[in-house]
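Right, one structure below, let's go through it.
By letter and in written order, the chains are A, B and C; residue numbering begins at 1 in each of them.
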Amino acid sequence: MHNTRPARITSPLISLSQGYVKLVPLGLLVGAIGIGMAFLFSAAASGGYRRFSFAYLTNFSFLLSISLGCLFFVIVQHLTKAAWGVTVRRIAEIFAMCTLPLAVLFLPILIPVVRGSTDLYPWNVANWARDNSPLLQVKFDYLKWYWFAARWAAYFAIWGFFAWNFLGKSLKQDETGDTKLTLKMQASSTWMMIIFAATLVFASFDLEMSLSPLWFSTMFPVYFFAGGVLGGLAAMTLTALLLQRSGRITDEITVDQYHDLAKLMFGFTFFWGYIAFSQFLLIWYANIPEETFWYRFRFWDAAWAKASWALLIFHLIIPFLGLMARTVRRNKTYLLFATIYLLCIHWYDHFWIVMPQYGSGIHGEPIDGAGGFPFSWAIDFPCAIGMVGLYVALFAWIAGDRPLVPKQDPRLGESLNHVNP
Amino acid sequence: MATVDLTSLDNTIEDGKHRAPLVLGGMDYSDVTDAVAGVWEKKQPAIWWPIFGLAVSLTMLFGALIMHLFFTGVGVWGNNNPTYWAFDIVNFVFWVGIGHAGTLISAILFLFRQHWRTSINRAAEAMTIFAVVCAATFPGIHIGRIWVFYWLFPVPTEHLAMWPNFRSPLLWDVFAVGTYATTSLLFWYMGMVPDLATFRDRSKSKIGQFVYGLLSLGWTGSARNWHRYEMAYTILAALATPLVLSVHTVVSFDFAVSQLPGWHTTIFPPYFVAGAIFSGFAMVVTLLVPVRKLYGLENLITIRHLENMNKIIMATGLMVGTAYSIELFIAAYSGVASEQFAFYNRAFGNFGWAYFIMFTCNVFIPQLFWFKWCRTTPWFMVIVSIFVNIGMWFERFVIIMALCRDFIPGSWFYYRPTWVDLMMLIGSFGLFFTLFLLFCRYLPVIAMSEVKNVIPHADHGHEGGHGHEGGHPATSH
Amino acid sequence: MAHSHSKQPKPAGPKSKTIGLLAQFDDPDSLVAACERARDAGYEKFDAYSPFPVHGIDPAMGIRRTRLPFFVLAIGLTGCLVALAMQYYTNAMDWTKIFPGYAFYISGKPLEISPANIPVTFEVIILSSAFATFFGMWIFNRLPQFANPLHRIDRFRRATNDRFFLMVNADDSKYDANRTRQQFEEWGATAIENVDMDLTDQEIPKFFKLAGIVGLFLLLVPPVMIFRAYGSTNRAPRLHVVPDMDWQDKYKAQQTSPNIGTDKEPVYLYADDRAMRAPVAGTIARGDLQEDDRYYRGYEPGTLPPPAQPVAADGSSASFVSTSGPSAQDSAPAAQDPATTGQYPGEPDWIETVPSPFVVSETAIARGKQRFEIYCSVCHGYDGNGNGLVNKRALALAATGQAQWTTAKSLHDPTVKVQPIGRIFDTISNGRNSMGPYKAQIPVEDRWAIALYVKALQETGIQPAAGAAPPAAPQQ
């Protein structure tokens, strides 16, 4: 039998302290170099700015989905009055808060759209619907650059407000210890969840589904969500592990919290697989040309077919088997490896969604000279490193000198004493 | 440090610092045993007999109609040329959906460490099994040549080179529903063994001792047995969770793999699962409110339990509403004329009235649960739950009536159920309630051993910081 | 042996044996504490009994984690393989021995394992794992065990209600009746009791054995009955469970038209007395439009001359689209000699090369050879010399006047060799002279393949057989 821990912070260091002074400029530097390299190399290659846009969009979707996954985690924690995750909640709150600065990173996507570029979104042409199919008038009205811009402004405003609400109240509680703040957050989490779900649905349509404007799938938002939560959990766990390695919040996040996070990652790996498989099976089985072309391209091209099988194996089967055992879930070294792996494979999932549109026309027909599997070490890799660098800088900038655990949360004690049998 | 007054009746308010108790009235272990075993030991409430009589007569009506169907043919139903599937599949999906709440409560809430599930999981699991029995009846009697029903299964035959088509969603259904019924039964029975041992040890009659002795398999409550038992319980929960998702997913595949607009949409799997949980919880609320009243179990199945269920009803109702909206949006967005027509027809076509019943009952009425009074007043929540179940029945009806107007306007036809259709639906409720009433009469309606685990025992070492938190291991997987 | 040195205050009767000492506790915490002390006191064979799983008792007793999950995993993986094998065997294999497979394409889904096989595989994994968990747990727990001395102790009935018990087995090496009892008292037991096993209870009653044997025999009855029914023939007419389905109110193909008059004076609804209606004039079945003259008929489009007038003199039949032959050749003075060009007057312009979409390839020739050997070689022979088995036999019969037979033509005959491929295709399709049409039996691409093979055969340099039949005469 073990003794009850008091509801008190015992770690010597619970903030980034001076760490952010180093991390912010370092992240910005990595970001500038990485994105700059990607830009230069794609300008030199045949794809030009179009190639760069696709690489950028892949990484932007990856980071946005992580932030949204973390925002979801925070809302659900309040919605269910959960106690176990109190000590990891702050990390999620900070990641969620990154949605607002991500709006700035969205500009390289939005500005060309406003200026009438069709590099990413083929619908962005005045006569697009008429020229391609007389049936698409509705879509044409929905997919207009000004509606697109207005929707994105609304999404970022809403997400930013939600994240600010949770982070702000939680930080305030650190100082005042006011229990009412918890109750307030619980109350607001209900309606926020509904609006969050609605915005997520349309954002996923706008961001990735409309890359192939003829294609439609009602499951797509759920697919985006499942991957995003998985990415968010992996990012949180990785951050917690790295913070503890650097000697911060060493006492508060226990093996039992990691165990639960790992179980959730396991669950969402399976959930992602379930959603991905259901979407694929329904389209494959019904075999209607309106939808099938989206998968057809991903399985027709020999290189992409391998890439699609790789997604199945590396995004579902390996993490599913890898996270199955209890000993694995409670091992910090293994988890460090597993979370990095999951983040990479989650990045790859977005690559798999976005990139085929680079090599195919709107009917899923291969474009001459752009076919094949387009991953490029010179463009995609530095772009990813750069964007992640920027993201780390954002995290450090928001975290600043603030505590990385909710110091006075009323359920802190329950969380510290949480035991996974 | 349990500063909350255990005898206080309102445990629906939490101050954020302490957890409200799950069991009221300051009950201890033997009080729990007495309360639950009392349901079985004491005389049944007077109303039990008339209800049971009604349920049995409806069951007999159901049986008679099934015989009528067998000896006359499927023509006694209202199924017609474009509407090949009608009430039979509607009722099947409806009942399977109801059957999802039990496993959700016993497995998913278990994995999420929702301790409030302990008071309701037994009854919900029983309900699951009875609902699956009702569900399995409908496709079973619809197969036409009932005497070769075993062709549904891969039975080897020497002369007949014939096997089930494993690539057909209807066969997936056979496997999914079969697996679900079996696993739910194992789960339910395994969870019940310790409580059956309690009945064995309390039984005064020889027959009772023999029957419960046989059913409880010689259970002693040994710690070594409990250890493996809990591990097995966790594994079954971990297996039942993807299973419960898969069952309604497979049911949705029946429709969604086809090419019919209104059926073929990729959101169907999660949307069906959410709808199933929604209707299942509504049914649990409908059953448990009278049960707790009749058997005096208010301290075990508290208002807080009911409130939590109502919150889940509201949440899943919103999920279902979201799915309806995504479907409508994508129908417009797709630009495919037949898709757009299917949804326009759904809302404003000849079954538009059903669509509006569905939307009102499933999306709008549960919103009443935003008000605390609505979700904490037993009689009111029963009314809402009944509306939810009506709405969910109509949801399936609306989906299946997409058949009435398919691609060729020349083959359009209205569907009208016959009296046999309607009476079979009512008869299936009779079967469901007969089984449920027998369950209340002879089996432990509340999982005693699990409730005892969430009762606060003040002197238990590690409990200090928080109110209830029994040590029931939730997830060791 | 533990039993031998246990000196008990209450000696067990001759017919019973003490198997352990039971202590009762009133709350779970005392039980956990007692378990810890029992473990520390060196006891190994002891067990705790509680109405619910007591938290923290596993480490207190030193219970090791069960191996059940690994057992379940193994069974689950086996279930996965079995499910995949079952689906492959039944739906993808055309095995014809006992329990034949049934490889059959339905709705265009592949036969071998595809996404459509995943749902069943998943359900079988879950089902087998659930069985493994359920039965594995009981087996590992050595349950059911209906005869347990503990159940004979009245006090122990509360183990499933509100009391907590600890039992130390008498065969534990540290067990000593007095010392153990003393320890129990120290640890706060509220009651202590001996657990005796009634040795007279050990034997199975005689009637159990008898009932068991009878039961086993009764179990054999159903399989025997099934086996008997399986091997016997029943002369009774079939049972019609659903008469509506067996005798349906509808007209099948080739039945007479509905009688709308009386039985005596029947008036049939349709004048031709048939229930079946002919399609509207000009109806063309799907896929039968066959507009492409080159591909479907072997000549240049628009070169089909108007049907030749039957020549009464030689009785040439006009039943084929392109009736031709020496007679036509004779009757129309030719600008060119058909024997060297293969273009006969009164016939369309036969195409000289294979038409698209037919593609000449090695596989096409192989296919042509195979089809040729099935359909053509029986008369024309494998080498095309007209010496097939049917031809030989028919000639033998014709020699004795038992049959009439026009000798099959050698394909190496110069008049045949010069024919364009289109005409050979036409001959295969519609027949010529006494050769019948093969249009109905052989699909169009196979006919092209045969024509191609015939052309290839002609290039091999095989000479017409010595004494080959003269060029086929008009029908005799």
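In the analysis below, a contact is a pair of C-beta atoms (placed from the backbone, for glycine too) under 8 Å apart; a residue touches a chain by one contact, two chains touch by 3 or more.
On a predicted model such as this, the values are computed, not experimentally measured, just so you know.
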- [ ] Name the chain whose C-alpha centroid is most distant from the C-alpha centroid of chain C.
- [x] A
TODO: Could you say which chain's mean Cα position falls nearest to the mean Cα position of the entire protein shown?
DONE: B
Open item on the list: Per the definition at the top, count C-beta pairs in contact and tell me whether B-C or A-C has more.
Closed with: B-C
TODO: Starting from the mean Cα coordinates of chain B and chain C, work out the distance between those two points in Å.
DONE: 35
TODO: Compute the distance, rounded to whole Å, between the mean C-alpha positions of chain A and chain C.
DONE: 44
Open item on the list: Please output the residue numbers of chain A that touch at least 2 other chains, ranges allowed.
Closed with: 1, 281, 285, 287, 421
TODO: Identify all positions of chain B at which a residue touches two or more other chains, and write them in rising order.
DONE: 169, 242, 253, 461-462, 471, 473, 477
Task: Residue list for chain C, restricted to those that touch at least two other chains - done: 55-56, 109, 116
Open item on the list: List the residues on chain A that touch chain B in their complex, please.
Closed with: 1-4, 7, 80-81, 83-84, 133, 135-139, 142, 179-180, 182-183, 186, 194, 197-198, 201, 205, 216-222, 260, 263, 270, 274-275, 278-279, 281-283, 285-288, 290, 326, 410-411, 413-414, 417, 419-421
Open item on the list: If we count contacts the way the header does, which residues on chain B are in touch with chain A in the complex?
Closed with: 14-17, 19, 111-113, 169, 242, 245, 249, 253, 256-259, 264-270, 318, 322-323, 326-327, 330, 332-337, 461-466, 469, 471, 473-477
Task: Sites on chain C touched by chain A in the complex - done: 32, 55-56, 60, 108-109, 115-116, 118
Open item on the list: Touching residues of chain B toward chain C in the complex: what are they?
Closed with: 28-30, 33, 70-73, 75, 144-147, 154, 156-158, 161-169, 171-172, 175-176, 178-179, 182-183, 186-187, 190, 194, 197-198, 200-202, 213-214, 217-232, 235-236, 239-240, 242-243, 246, 250, 253, 448-450, 452-453, 457, 459-462, 470-473, 477
TODO: Could you please specify the touching residues of chain A with respect to chain C in the complex?
DONE: 1, 277, 280-281, 284-285, 287, 421
